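Working notes for the structure below.
A, B, C, D and E label the chains in the order they appear, each numbered from 1.
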Amino acid sequence: MAKTRNNSYKKKAGQAPGTLIYTGEKQSQKLFIEAFDYDENQYTENELSNIEEAFGFKHTNSKTWINLNGLNHIKDIETLGKHYNLHHLVLEDVVNISQRPKIDEYEDYLFIVLKMLYYDKGETIVSEQVSFILGKSYVLTFQESEGDVFESVRDRIRMAKGRVRYMESDYLLYALIDAVVDYYFNIIEVLGDKIEDFETEIFSGNASEDTSKNIQDLKREILRVRRAIFPLREVISRIEKNDNELIQQKTITYFRDIYDHLIQVSENIDIYREMIWSLMDMYMTTISNKMNEVMKVLTIMASIFIPLTFIAGIYGMNFDYIPELQYKYSYFILWGVMIVLFVGMLIYFKKKKWL
Amino acid sequence: MAKTRNNSYKKKAGQAPGTLIYTGEKQSQKLFIEAFDYDENQYTENELSNIEEAFGFKHTNSKTWINLNGLNHIKDIETLGKHYNLHHLVLEDVVNISQRPKIDEYEDYLFIVLKMLYYDKGETIVSEQVSFILGKSYVLTFQESEGDVFESVRDRIRMAKGRVRYMESDYLLYALIDAVVDYYFNIIEVLGDKIEDFETEIFSGNASEDTSKNIQDLKREILRVRRAIFPLREVISRIEKNDNELIQQKTITYFRDIYDHLIQVSENIDIYREMIWSLMDMYMTTISNKMNEVMKVLTIMASIFIPLTFIAGIYGMNFDYIPELQYKYSYFILWGVMIVLFVGMLIYFKKKKWL
Amino acid sequence: MAKTRNNSYKKKAGQAPGTLIYTGEKQSQKLFIEAFDYDENQYTENELSNIEEAFGFKHTNSKTWINLNGLNHIKDIETLGKHYNLHHLVLEDVVNISQRPKIDEYEDYLFIVLKMLYYDKGETIVSEQVSFILGKSYVLTFQESEGDVFESVRDRIRMAKGRVRYMESDYLLYALIDAVVDYYFNIIEVLGDKIEDFETEIFSGNASEDTSKNIQDLKREILRVRRAIFPLREVISRIEKNDNELIQQKTITYFRDIYDHLIQVSENIDIYREMIWSLMDMYMTTISNKMNEVMKVLTIMASIFIPLTFIAGIYGMNFDYIPELQYKYSYFILWGVMIVLFVGMLIYFKKKKWL
Amino acid sequence: MAKTRNNSYKKKAGQAPGTLIYTGEKQSQKLFIEAFDYDENQYTENELSNIEEAFGFKHTNSKTWINLNGLNHIKDIETLGKHYNLHHLVLEDVVNISQRPKIDEYEDYLFIVLKMLYYDKGETIVSEQVSFILGKSYVLTFQESEGDVFESVRDRIRMAKGRVRYMESDYLLYALIDAVVDYYFNIIEVLGDKIEDFETEIFSGNASEDTSKNIQDLKREILRVRRAIFPLREVISRIEKNDNELIQQKTITYFRDIYDHLIQVSENIDIYREMIWSLMDMYMTTISNKMNEVMKVLTIMASIFIPLTFIAGIYGMNFDYIPELQYKYSYFILWGVMIVLFVGMLIYFKKKKWL
Amino acid sequence: MAKTRNNSYKKKAGQAPGTLIYTGEKQSQKLFIEAFDYDENQYTENELSNIEEAFGFKHTNSKTWINLNGLNHIKDIETLGKHYNLHHLVLEDVVNISQRPKIDEYEDYLFIVLKMLYYDKGETIVSEQVSFILGKSYVLTFQESEGDVFESVRDRIRMAKGRVRYMESDYLLYALIDAVVDYYFNIIEVLGDKIEDFETEIFSGNASEDTSKNIQDLKREILRVRRAIFPLREVISRIEKNDNELIQQKTITYFRDIYDHLIQVSENIDIYREMIWSLMDMYMTTISNKMNEVMKVLTIMASIFIPLTFIAGIYGMNFDYIPELQYKYSYFILWGVMIVLFVGMLIYFKKKKWL
């Protein structure tokens, strides 16, 4: 992810501002456009084969959701943008995937960017930028590639489940953002599990030298998730306080609900951050404890056998006159002395709780 | 608790917003409803056998407290909510036990969620979500399961002790929240005792390798308590500054009192947090001190006996001509030299304060 | 102090709010009431034998200071409070000694609580709660027990020194609080000395294993002092910005002076906090340095004598044919070689600055 | 850079305020002045040979960009400043290169200072102060020396690419600042790469003793970059909120874009800072791990061979009566015992995972 | 400095507020008063022999600067204060040298206190309190003792250099404060140099056990400087935002300039603080690295010679039947084996990069 981001900077630097450049990596992405057009009584769902088909929905009375996958198709996005009257800076932000979550108000539409996070097969977090245009009776969404978290919203439109069909396009916007935020809970849940795994690993004494690296990786992952999620609070808070007529009073209660969820997610992330710092502390502690144990073994072995070896060395000397050497039971007495020393040492270390 | 929370997320994700789903674990909880109806002169206390019995209390002039235990009974809660005119988002929050303490104002009632903390037998902190609906002449409370901290309030109603009987329903709300906050003091008291125990353990040299784990567990517990308590300050502060007619001017003084208590609790928690960090520091210090001691024993043993062994080795050599070997008193002189060396070493280490 | 606080919580929990309960430990404290009544020209000073004698002072034109020691005399305090028209929550706060410094405005009086800190004989900080009631022409003070910091104020009233006699009761309040804050400077001075002592102890190499514990104790003491002093800034700041007619414009300048002092004290405390953290760092460093020294001694001894012992071992072997053994000067040559090795090692370690 | 800064202080201290003194180091810099004069239809580009040639552009209807390199030419700057009516404090700030990014509003122009950061050949960050004067139809820029990041802007003027030719001078200001901010992305990209390099170095076990020094250097570099970039956010934010008529409404959207970029850069820098702290942690961990490994080798060697040597020492004693010595197979049995001990030790250490 | 401060507290405690007490240590300081009286065309400079001579300047049309050194001369200061109508709290603050930088507005004058920092011969920072009274056409300054940083201002008055002679007294105030702030740059420059010296010391391996103490001393010095400088920002900011007629609009630009300088100084100080923390980290790292090196030497020596000594011990045994002993070339073969072992070990340690 870091690499991608860096490259995306490079592609931009030195360009005239306002130039549309897709800064992501999925250059060969096929263009995919789907359109939902619905009101309380009916709905239609189409995959559009070219961008011009999307123009007709702008002025229908029914609500429309046009979802476009494939930000590398600059031309089509520009065409769509021109038809829907979007500012060129908006289009630029749509295709520049290194945006920070933000909201910009324009005369007849709202522009919202956020990060959709989900787990790709495995445990890699995929961070995909999604842009929303909320107009009078339509919502446009732009995604980098296929695969999203909106399936439940599609189902609700199809089956007329919940309120989505009889409320306005701002409710659709809410439903889509809510789907994104719901997935944030999945993200932090897995992060929490990972932290618990590390703890178990460290306390069970199985921490290897890679552990410290893996903890760092997790810390960075949390930093990245944090960076994707935290600014969104500000965005939602601004929607709440908004007096733009595109957002109806009765929908604001729903956005407040999202806001509450985001605060919950944020608090969890900050707790995880603190726990990660603690993990490093604990890891250091286990290393020190292990070293302590190593040192104890060394000290015990050396403290017991070095004096004994010294005694053996004494009676290995070749002096002509060492009286003990001639005495018949010297050897056995010496063994006795040594065993006493040995046992004494053991008792001493036992008392020091080193054994 | 962590596990529960995670699961609660899972149950929600992908659902249409506004769907009532109980996210806790106590699925088999029996429904329990009690109703207190009282004014200055009389009171009645009933256990209701079905939810419809609770409808009558809405428009009585007397004050009513309806307490419902068992959030898994979605149907009944929905019925009650419909009768008391509650917004479906409120009902959703009531049964979703992963709420953050918060207050929401609606046209004719206030909705407050907070966390009731108490010790289950033993030292496990039970965190149970309690929701309050404050209406004109009634208070509704929703608890996940049996067991609460409201017994003293019930007694005061029964015995007409204190002001609760002749003041309005907002005072009842105050009394209930005050009971919750009073128990927070118990919580932090036990946390404080635990910290002191750890300190004693560490300084008495009894810290085992589990100590670091236990400290981490305590740190996490404090983080969780903090998370349950801190947002409540904001809630109470908003009640204080409120100009809602449901909260009377003279009751606000009492809420200010709760606010003061919450600040006290919060300050204690933050002091505990800092002390926990210090505990880890101290633990590291004791580990280092222990290692120092181990190293000293090793160094003393090795420094004394390795040179002596060398000397013994010298006279164990088999050279044909070593003059000292023939001299009669060599062996005894050597012992003298060795003892002098030994004692010299001891004095040296004594002076270095290693002994 | 911690223990006291905890107990004080316990006594309260589960009580009806508004019940007067003394939460301190000095149950057997004798009641002591003194009254100063003065104006520009005269003053009287009495020890009152019962609480009713204090009632007469309420409506005199002269200024009155009534000081009551002994918070366990609930009854008397209640009687006094009723006469001076105090809210029952105020009385409750007066006798509950776990208050945080705060100010509450009531219709015809101000209620201020703060912590008086002074050194008992020895170096233990005594923290005593003092409550002030500022009325039109009187100040009431409530202390837990005998012994306070107000002697200089009494003297000024007695001797008509300074402005206290010809200014209003708000100036008396100022003089009393100023006396309390002046003693805070003593507190932080002693704390500063303690920190310096620890530094000297650590750097002189005399730090024992208790040092870490003592530093922690000091850290906690600073945290407690901080907690007693910091909220007072807010209190004084609110007095300053007050438009209550009880505080005259010309007295506000004096409260601003107190505020300046509190900022100074607070800054010192925060500097001490940072220095305490540094002390722990330094202590860890000295431990590491000591271990380094221990290791060096071991390494030097082992590195010098292990190789020499090996050489001696070689010529202690019993092979039938070891040519060197027969040569007459072998033994002396070997000694030469060993001495060269020994000196070489010494030079090597000297160069490494281990000696 | 630090040295330069310090010197620059020295040159100033003790001078009358308002004296123009160039505080940088490039004293021998040649004066270079270039002027772009353009409108929608045409443009001219000249290198001016003396400062007076720049006067004519002030009142043309076309837009003008005058860029001056060489702040040591105090005289010329003073002359230009007088003609363009600049406050002497502005001129003083232009030549004093230790400015913090800031914006000052004057009656008929805006004065903006910021830091241009780019990589000199190699990886040294060059920090050069650039001052902007935005007037009605002109922009003046002052740089310390040759070499800047504005080449892309020059090209856009020359080729009438983008909007720069038909928009006002405030858009030119935007384009220039945007070019500076674009290069910040390059800076943080390289910083990010360096951090990754350090991580690889540390985890691959190649960290030398210089690593810690290099990490510190990087930390300081990040601090410096931070200090150059962070205040600029405030500057741009003030431009955005400006109601100065020099900045047109439609240009403000573009400045908001810069602001978004600066927030992105700032967030990255703060993440890098946190990662740098982690790097030091990890480095400490690897040191401890290495020491652990060293100790294990020592302990294994000593624990295996010291007891064996002791046994050999036993049978090297010269007692007249040691029964085992006479038995024919003693030597071989002893070897057996020793091998068993050796293997036993190996198994023991294997089980402890030290091998 | 710490000692002085502490004493200064003591002298005050228990005194009636408003009593003038000099809290510094320079009791025997001679009184020195100088008066500058100037306007655009002329100036006079006198050393006054008694305080009454200063009274005449109050109502002249020309601007006057009266500078008084020697705060122990309470009487004279009181006399001067009475004549210039100063509040007794102001006079008290003038002679109490433990003030925090602050500004107080009175009806017809401004009172400003700040800390003048300069290096006494050597590298000790002298912190002297300077008080400023800005009146309609005069500035009074009070210093503790001789020696100040105002020489350049005196010169500018004498030589009519810069604007000081033809602008009002507020500009004189600016010039004096500017001189003080300019010296702050010298202070932080020397602090920066000290930090660099420590770094060099630590990285060159010359850090002794005193290094940690010296770093702590520097840290405390920085904390003190911080405390002297930081509050001044607030003071200057309040002058800027002032609508007091004593400060003219055109002078405010100059104060904004001082403000910018203070921000620069503050930022540097905060960077130094962070670098000091890093220094301690690095110092710990070097200690650990050294210990690592010591351990490696020990391990290498022990690992090589302990096994060899064991082998020698084997053939020093006195078993009657050890076949190798009789073989003629055994001794030489054994040497070969030992050399192979020795070299093998060296290669092993080389590969582990311990050599």
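Note that contacts are C-beta pairs under 8 Å (C-beta built on N, C-alpha and C of every residue); 3 or more make two chains touch, one makes a residue touch a chain.
Predicted model, so just to flag it, every value in this text is computed and none were measured.
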| Partner chains shared by chain A and chain D (touch criterion as defined above) | none
| query | To reach chain D from chain B by way of touching chains, what is the minimum number of steps? | reply | 2
| task | If every step must land on a chain the current one touches, say how few steps get you from chain C to chain E. | result | 1
| request: Could you tell me the distance, in whole angstrom, between the mean C-alpha positions of chain C and chain D? | output: 43
| field | Residue numbers of chain C (touch at least two other chains) | value | 284, 288, 291, 295, 298, 302, 306, 309, 313, 316-318, 322
| How do the chains line up around the ring if the path leaves chain A toward chain D? | A, D, E, C, B
| message | For the complex, give me every residue of chain B touching chain A. | response | 2, 6, 9-10, 12-19, 87, 89, 98-100, 102, 104, 209, 212-213, 216, 219-220, 223, 227, 280, 283-284, 287-288, 290-291, 294-295, 297-298, 301-302, 305-306, 308-309, 312-313, 315-318, 322, 324-326, 328-331, 334
| query | Given the complex with chain B, which residues does chain A contribute to the contact? | reply | 151-152, 156, 161-164, 174-175, 178-179, 182-183, 185-186, 189, 192-193, 196, 199, 203, 253-254, 256-257, 260, 263-264, 267, 271, 274-275, 278, 281-282, 284-286, 288-289, 291-292, 295-296, 298-299, 302-303, 306-307, 309-310, 313-314, 316-323, 354
